[in-house]
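Labels for the chains are A, B, C and D, by order of writing; each one numbers its residues from 1.
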């Protein structure tokens, strides 16, 4: 199938899947209880509750409520977030920028380090670096992210005081304009070295925490597929042509080992989204994950729905992108089979 | 005066530290600092007609708007504010029949938009709240009591009540709902529509208060600027409220010096003690007793699975008393509340008029007495399981855990399930009538007058008495009801105090709640903030920024 | 069908030059069970311009031997345990400029003079005066220079030996970029004396030593881009020519396709083009037709033969297919369990096999003369090669086994001129016991 | 889309009847597993923790009436390790950390066994129906699976647990609702592969009933990757369950590692490191043990990796 046709087909399937996701989540939330709670205080009388229900169409039958909700979503109205005391759509952009900044930092760390480590270990199979990488990989898959973060906090923040928590130092952040919501970008735009260092400094611990698990996943995959590729005939064929080992590795083995690794990198998007919840809680990072966690604890349905829907979109789009990169990397792949 | 100088140099230091060469205000008079405050809850709305009692918006409304009367720090005494005198019988501003209140108003006051303040604004503000009658607001505190509002002249306002009410000034004039808004501003922006919130007013407050709102970045922060045209004592510094911060973040920020003041509660004291530059300050008690409610009106088949108690379990006074004896007050107050708390009598909080220090209270665990009562009630051998619903992760949940440990230590057949639920779920559960749980834990709502508490929490026909069927439990419900009604109408303080003392004894003998503690009013702030005070009657007891001076 | 055979009858009388000689080659593999002696003392010569067949069962070590020429062994677990592979690289004949003349025996190429003694003969070149390299000892850099240039390899399965993610052109081009970058630059009109960033970048680009900055500059800086494109052009010309030589139709299109888009036969042609791109002196063909359809096999064999003849290269043809070997090889070495057991002219081996294993092997091949149902199999199977004892490796499968066979190792000795066998039946008097490793 | 699980290792597809053959050679399999030192280490860890769960009432005085509740000593809040009676210190609510560590192994065991048990059964059933029946049924089931798979696992479980309300039972329930999908997909793919084998055709030709063929010929041969995945998930589920607890979806006061870590994090600023550290370490060791065992099993059961060793 043509790549373009494939993308179009997948893009058409995307909203249908999302509709399915929204129906599942919507029915689950509404079966468990009405979202009216976020608008209530505990001393309201039943009549007042009814009045509020009418205001938000919560007295209607479930399918009608769903229709209202869906119409709201298409118009950019995702409901009221009880946690943030504001409409979801208004809160979302800033939180989104915070989470993205963290995730991108973590992803950069994870992909760069994961690929490097996987390659390093794969080339030195069964030697010391390889063993160490395997230990890192297995422990990375077993390490509870939230605990790892706490251990880092105990050591580097509470005891050594090297790194801060939170997203920025308040005074510094207030001193510059923030057009993008990405603190590092804003600092660069404002030309403030202090603000940039501050933003980066705050990023260090959370992005290491968030990235570590992904490093493990990527390194593990890269290592095993590199080992597999290094045993292929074409690697020897490349050597037989007189290519130096550096080129054999770079141009032939590693490039092909990247093909299966790309899939895993795509999956780490989900991993990062999931991990961001715990990492943001621990490091007091004001992003979507922390918001979601509070929403979950306080029963804020509109926020939960939006977040689930958003991660699904992200996840599905990431998968699509991965498929496309996959096809670009490996000409044998025929998409849609 | 060297204050300006210190401000200036502090600014220089801050600017240098930030690596920014910002222009520094030249004149010392303008050198105002900004107090950075870590707030607990972002306002949902800043409209007095829409704000929920206790919500984050109240604290902002408190600073931006004025009311007719105010209370200052130190005592619950009513002070003039936009009204120049506090109406009393003695000064003749309360009519002989006790129904008409007259407020002489301050002249020369302007709103933040520059328009003049008159009696029309007062009438408009009050009528507006009653006409809009939004379910989330406390509009009923006016509409339940007020029969008529009248503009006598530009600077005289009059109110007529439905019936005599000893607590009118406290309960209806003081709350944020009674804030005076600019009539011009409202009418120019949507006017008044019954049952519908006014979007303009919800984020554009136009008041007469010591501060004016400059910016509000939703989910991030809100800045209040000193109102230089304020009629009263000028505030010292601007204030920036930072939002979206969990309690532990606020605590950390305070330790790091990023915040000057934060909202906190006694359970965080352990995390702040010994932190350099942080002052933990406690003064008196919050007027919000932490209580656990007994449901005497449990609907058939509604209890959570596993609960074995009969529906009339709490009808038996011995069981209610046994719970009160069994609770480990010491663990709660000295453990969870870090010593900041005290138990108050049923149901008059310490610090409220009529509180009797000699009234009998349940404040020590007496397991033997609890056992005796449980045996007498005939539940000892069979045992029971009962769930208590509570907001998960809250201080109330810890109170429930202590109850659980206390009751379960008595007898292995006694089981308390702590059903922690999300805040929204809890609010919804408690807005049912009847409530579908046998027990729940929360705090009472603050008020200044004992009648507000007694009517809400003890009267058989009161807000909770009706929902929870207190009439099923009191030995003599009519007598209790009559006593509480009489207290509300009694205008003679001495007589009233005597009646209240009597009520405390009656309610001790026939308790409808388990009061774990009255939480201490605790605040924590940086040592460069001067003038810290606490007044439990303010929306946030330690927050009256107009009184605070930041001298960093 | 005509299979071209290099005419070696005339050369024999004048002691034909050997392009490579293998002596005592040992390759071991480490495994959990112990040391596997995959190649355990192999001796043979490859004569100039000949096609030497290396035959044997799977696992006898023939492929490992072939790969040892290029040092393409997985290390670890493979260990080059001993012996030597001497190789005499050749240059174009000075007398005829590669056209073929009496001086070079018509092949157009002659041995490179030994750099130590300038062709006079010295210990380094074993007195031959021709440059002689021990392929097991040369530096990695030197080895890389030999691979693909002087010695090339054709792999068994072209489907696996071609990188699936690179185009044919990209892969074939690598050979030229590695070994012919000077020519490419010259063809693109770039003066070898030129200096500066441009020239440096171009040289690096043409030698696959490019840095990121070079690539960026070549993509963005018009003057450099133009010149880089002319190098690219020269490279494409060479690739197309190499492909054309293997009778691939439409080489310019094929260049741009990926391996999976070609048929098996086409892919093997690509492999051959790649192997022969730099006119190597020696080609290791490791079962080049096994993975192909029978109909394609013959054409591929023809092609290898033709191209070899044209160039005068030598070929080591590794195969288990005796009929093919008989058809195309000048000489044949029979391997068994890591040893050469018999070596000789093709006719000698096929018509007068001496080693019981060779005999068995030949008997197992059906010919038109074999009666129905008479195909003989050798009983037993190849022994495990883990830490072997000093004995004839074939002893436990041999019908004519006797005491000497299990006591010591036989060595290769001549039974006829040019025909050596390692068997006590042929040399009962001169057994030689090899010390166990 | 490539068929990979979250650890990134491709799901191994096998066509031979390896499991059955290998089960017959059980001793050899055991030998293979035990020959790998890291697997043995994992096994030792697992036995250690199972022992801890089993002997919890003997290791510590069980809390009455509910041993899964932390015993709270309201007079000894926030005590550091080494305090008499509290060797690992106490939490903010006076809970004994050692007690939580020990009884937490029981909660975790309960969590992982219930979730893995239930989801493997449901997943196998649904995957088998899809794979065996095929056609429309397969199509519909797989579309449902697709929808489930478009939400990241943890987030889906989080949303469900949030809706159900904070309790450990609800965490178990939500994980059950989410995790069956994975097994259904693996099972379906396996069945379709195994169905193509000759011996299945042979059985069909003989006239075996479909059910017979399924239970005798298909299921045992399709189960290998499921066994490996289930072993890995024994660890993964405790990780995810603890994460949900950490976020605040368990009832408080329960002896569960994630709850303890969460409760402990508030005190870090004041130097109270112990309440989070010890329970978190247990989660790590638990997950590590099952990951090591799972990897070992995969290597032992998979001929591909075996040959590469």
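Quick notes on this structure:
To be clear about the criterion, a residue touches a chain if its C-beta (ideal position, glycine included) is under 8 Å from a C-beta of that chain, and two chains touch if they have at least 3 such contacts.
Computed from a predicted model, the values in this text were never measured in an experiment.
Chains that count as touching both chain A and chain B, per the definition above, are D. The chain with its Cα centroid farthest from the Cα centroid of chain D is C. By C-beta pair count, the most extensively touching chains are A-D. Nearest to the common centre of all protein CA atoms is the CA centroid of chain A.
Mean C-alpha positions place chain C and chain D at a centre distance of 54 Å.
Separating the centre of chain A from that of chain D, both taken as means of CA atoms, is a distance of 23 Å. We define each chain's centre as the mean of its Cα atoms; on that basis chain B and chain D are separated by 47 Å. Averaging C-alpha coordinates per chain places the centre of chain B 92 Å away from that of chain C. Contacts with at least two other chains are made by residues 162, 165-166, 248, 265, 269 of chain D. Each of the following residues of chain A touches two or more other chains: 33, 231, 296-297, 299, 301.
Applying the touch criterion to all chain pairs gives A-B, A-C, A-D, B-D. Those residues of chain A that touch chain D in the shared complex are 17-18, 20-21, 24-25, 28-29, 32-33, 138-139, 141-147, 150-151, 153-154, 157-159, 217-218, 220-221, 224, 231, 260, 263-264, 267, 270-271, 273-274, 277-278, 281-282, 292-293, 295-297, 299, 301, 304, 307-308, 311-312, 315-316, 319, 323, 326. Interface residues of chain A facing chain C in the complex, by the touch rule stated above, are 231-234, 236-244, 247, 251-252, 255-256, 259, 329-332.
Residues 1-2, 4, 6-10, 38, 143, 146-148, 150-156, 158-166, 235, 239, 242-243, 246-249, 258, 261-262, 264-265, 268-269, 271, 273, 276-277, 280-281, 283-284, 287-288, 291-292, 295, 308 of chain D are the ones touching chain A in the complex. Against chain B, the residues of chain D that register as touching in their complex are 64-66, 69, 72, 74-75, 77-78, 92-94, 162, 165-167, 248, 251-253, 265-267, 269-270.
Of all residues in chain B, only 14, 17-20, 22, 36, 41-44, 52-56, 135-136, 195, 218-220, 240, 242, 244-246, 248-249, 252-253, 256, 258-259, 392-393, 421-428, 430-433, 442, 445, 463 touch chain A in the complex they form.
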